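Next, two complexes with chain A in common: one pairs it with chain B, the other with chain C.
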Partner chain A sequence: MADAVEVEQGCLARVRQHFRQELDGLRNAGLFKEERFIHAPQAADIEVEFPAGATPRQVINLCANNYLGLSSHPEVVAAAHAGLEARGYGMSSVRFICGTQDIHRELEQRLTAFLGTEDTLLFPSCMDANAGVFEALLGEQDVMIADRLVHASIVDGMRLSKAMQDTFKHSDMAHLEEKLQEHQDKRFRLIITDGVFSMDGDLARLDDIVALAERYGAMVFVDDSHATGFIGKTGRGTHEQKGVFGKIDIITTTLGKALGGASGGCVSGRAELVEMCRQRARPYLFSNSVPPVIVAGALKVLELISRTTERRDALEENTRCWRRLLTEAGFDIKAGESPIVPVMLYHAKLAQDVARDLFAEGIYVVGFFFPVVPKGQARIRTQLSAAHQKAHLDRAIEAFVKVGRKHDILNKSKKAITERYGL
Partner chain B sequence: MAGSNVIEVTLPDAATPTREDIEQLEATFRAIVDLRFPDSRDWQKVEEALVIDGWTVRSQLMWVAEAHKGWESELATGRTKSEAFKQLQQLAKIDDVAGVP
Partner chain C sequence: MDELRRVILDYVVKEYLEEGDDREVVVDTPLITGGIVDSFSMVSLKRFLEKKYTIQIPDAEATPTAFDSVERIASLVERIRGARAGA
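Moving on, here comes the complex of A and B:
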């Protein structure tokens, strides 16, 4: 007995040592992620404790996916309360055993109508939707052709599928066409893309992609997590914006960003494909139902955004204003139309330093650098919300200018920044 | 040097095999030996059991291509070396950058 304990301790000691070294490696490489504790509901103004133990301070949040400002909206919170009363706290079951309520069906029907598809299936998250969909639908006779910048959850989902994996250069239609030609011998071809790419905030060329899909007999998959609710004239998503509403075979999206920001995701699209996911997708079959309180909140969100486009219009206006303010101040930003506005700094340490200084000035943003973005492409990703007022953006730009001056990056080209700081 | 179970083949003086040549010769001989004198026939029992369970079973010789970087690794197979490497390239490409949430 004593021997067994000793052996176990020896094994545990080795495991601990191994992972301590790995963690030190991450720290030394500047890749260690630290949580910041928010002492308030998600909003444009939040109180943040950072580093852990520090007195919480009031900052403007420019890094949430709270695009429509609905995460703490009183009507959504009230609907969630009512849902909690009416349908309880949890389901203690997966959907197909005893985890489906009338409101799950209602939410799926509302999402179907909103997205302009034929059917919808809820998942615990969009990560789960992406993890389950490819394995459920494709086999070894098929090929998945993905944009090289798709979200990590799609990459994981593709890895779980037996279908052949292929990629095309980011938004490069000529390259996609080559791949479609190359794979004419496959049973099914599935083109896979994000609607809005989370790194650069650029939109997929869905009009061209659908045209290619029609020419070469392929299906189209779009993850519209960073678009549903606000991209397009009525906020239906990238397919609305690009004039291909109703032409996307599979859409996945999340309830965890614009649509209230709680959690949950879905697969929406052609009826047979969605039904097959209901039969086969493992995260749907083997993970618990989305809780009633979230379903009730999401139903209210859909009601609010179907009633008026006010919120997505306000977000569009904020985006335009913020892009203009940054450009006029002399920052180098990625051009585009989405509320993801990356401020390019190119150099990893510079991105970290600027984010830290902005936090000190009361602006909460995060620096991204390799390996989460390509080498030499370090940036600060700012994200707008309909909850931002003009005063927020004015305060934020003041802070950006102050910090920009300190680091001497205003009105500087990429070349000038990289000459000074390196890549 | 050669024992009763080792076959030695002398290469011509002019031959200067690369590490890859040697690996391929070894793999080829190993495949021939395994086909002709398998060390056990246990795989047949596995195959039979799977067939009884309703599987259609097939086994074949394939190329394997591997790539390692830090804690990441990719492995691809193909009927030809270029097929394996093409798939390996795709597997590595799609995870080129980790991406952001």
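Moving on, here comes the complex of A and C:
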């Protein structure tokens, strides 16, 4: 008995030692992630405690995916309260045993109508939707051809599928076409892309992709997590913006960003494909779905954004204004039309320093660097919200200019920045 | 540079460098740790080698370390071809 305890302690000691070293390695490499505690509902103005134990301070949030400003919208909160009262807190079951309420199906139908598809299946998250969909639908005779910058959850989902994997250079249609030609011997070809790319904020060339898919007999998969609710004239997503509404075979998207921001995701698309996910997708089969309170909130979100385009219009206006302010101030930004606006700094440490200085000035942003973005492409990703007022953007640009001057990066080319700071 | 290294290097440049990317790639340029190839897109390189040289690279050997430079990849291919020739 005493021996067993000692052995266990020895083992645990080794395990701890191993992971302490790994964690130290992350710290030394500057890759250690720390949470910042927010003492308020999600909004444009929030109170943040950082580092842990510091007195919370008021900052402007420029890094949330709260694109439509609905995360704490009073009507959404009220609908969630009502849903909690009417349908309870939890289901204590996966969907196919006794975890499906009438409102789950209602939300699926509303999403189908909004996205312009044939059917929809809810998942606990979009990460789960992406983890389940490829394995459920494709087999050894098939090939998945993905843009190289797709989200990590798609990469993981592809790894779980038995289908052959291939990739094409980011948004490079000639390369995609080569791959489609190369894989003409497969049973099914599935082209996989994000609608809006989360790190660069650029839109997939869905019109060209659909044309290639038609020419070479392929299906198209789009993860529209950073688009649903606001990209396109009525906010349906990237397929609306690119004129291919109704032509996408599979769309996955999240309830965790513009659509209220709580959690949940879905697979939406051709009826048979969605039904097969209902039969086979493991994250759907073996994990509880979104709880009633979130379903009720999401139903209200869809009602609000189907009623008027006011919020996505305000977001578009904020995006235009913020892009103009940054450009006029002399920052190097990735051109584009989405509310994801990366401010390029190229150097990892510089990105971290600028983010830290901005926080001290009351602006909450985060620096991104390798391996999240390619080497030498470090940046600060700013994200707009319909909840931002002009005054927020004015205050933010003031802080950006002050910090930009301090680091001498205004009106500097990539070459000048990297010569001074390195890559 | 021998034929094998030339073929692999050409494939890497064509398959992985984006348009406008003017980084120079030579036989010992770090590909994966250097951020030129990621493990996600590495599979096409593995398939290319298998097809071109009619070999089978076991998944256990197709590691990011073994694929981290044209030189290492060429050595791997040579070893597998040599083992087959010897068998």
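Going forward, the second predicted complex is superposed on the first by the 423 of 423 C-alpha atoms of A that agree within 3 Å, B and C clash if a C-alpha of one lies under 4 Å from a C-alpha of the other, contacts with A are read in each partner's own complex, and residues count from 1 in each chain.
We adopt the following convention: a contact is a pair of C-beta atoms (placed from the backbone, for glycine too) under 8 Å apart; a residue touches a chain by one contact, two chains touch by 3 or more.
It should be emphasised that the depicted structure is a prediction, and the values quoted were computed from it without experimental measurement.
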Who does A:Phe370 touch here: chain B (first), chain C (second), both, or neither? both
First, second, both or neither for A:Ser198, with chain B first and chain C second: first
Touch check for A:Pro41: first (chain B), second (chain C), both, or neither? neither
With the two structures laid over each other on chain A, which partner does A:Arg148 touch: chain B (first), chain C (second), both, or neither? both
With the two complexes superposed on chain A, say which partner A:Gly246 touches: chain B (first), chain C (second), both, or neither. neither
A:Gln165 contacts which: chain B (first), chain C (second), both, neither? both
In the overlaid three-chain picture, which partner chain does A:Gly30 touch, first (chain B) or second (chain C), both, or neither? neither
On chain A, which partner's contacts cover more residues, chain B's or chain C's? B
Using the superposition described at the top, list the residues of chain A that contact chain B and also contact chain C. 146, 148, 155, 165-167, 370-371, 374
Which stretch or stretches of chain C touch chain A in the complex? 16, 18-19, 34-35, 38, 40-41, 43-44, 47
Could you list, by residue number, the parts of chain A that touch chain B in their complex? 22, 146, 148-152, 155, 158, 164-167, 198-199, 368, 370-374, 381
Going by the contact rule at the top, pick out the chain B residues touching chain A in the complex. 71, 87, 90-91, 93-101
Interfacial residue positions of chain A with respect to chain C in the complex: 146, 148, 155, 165-167, 169-170, 172, 370-371, 374-376
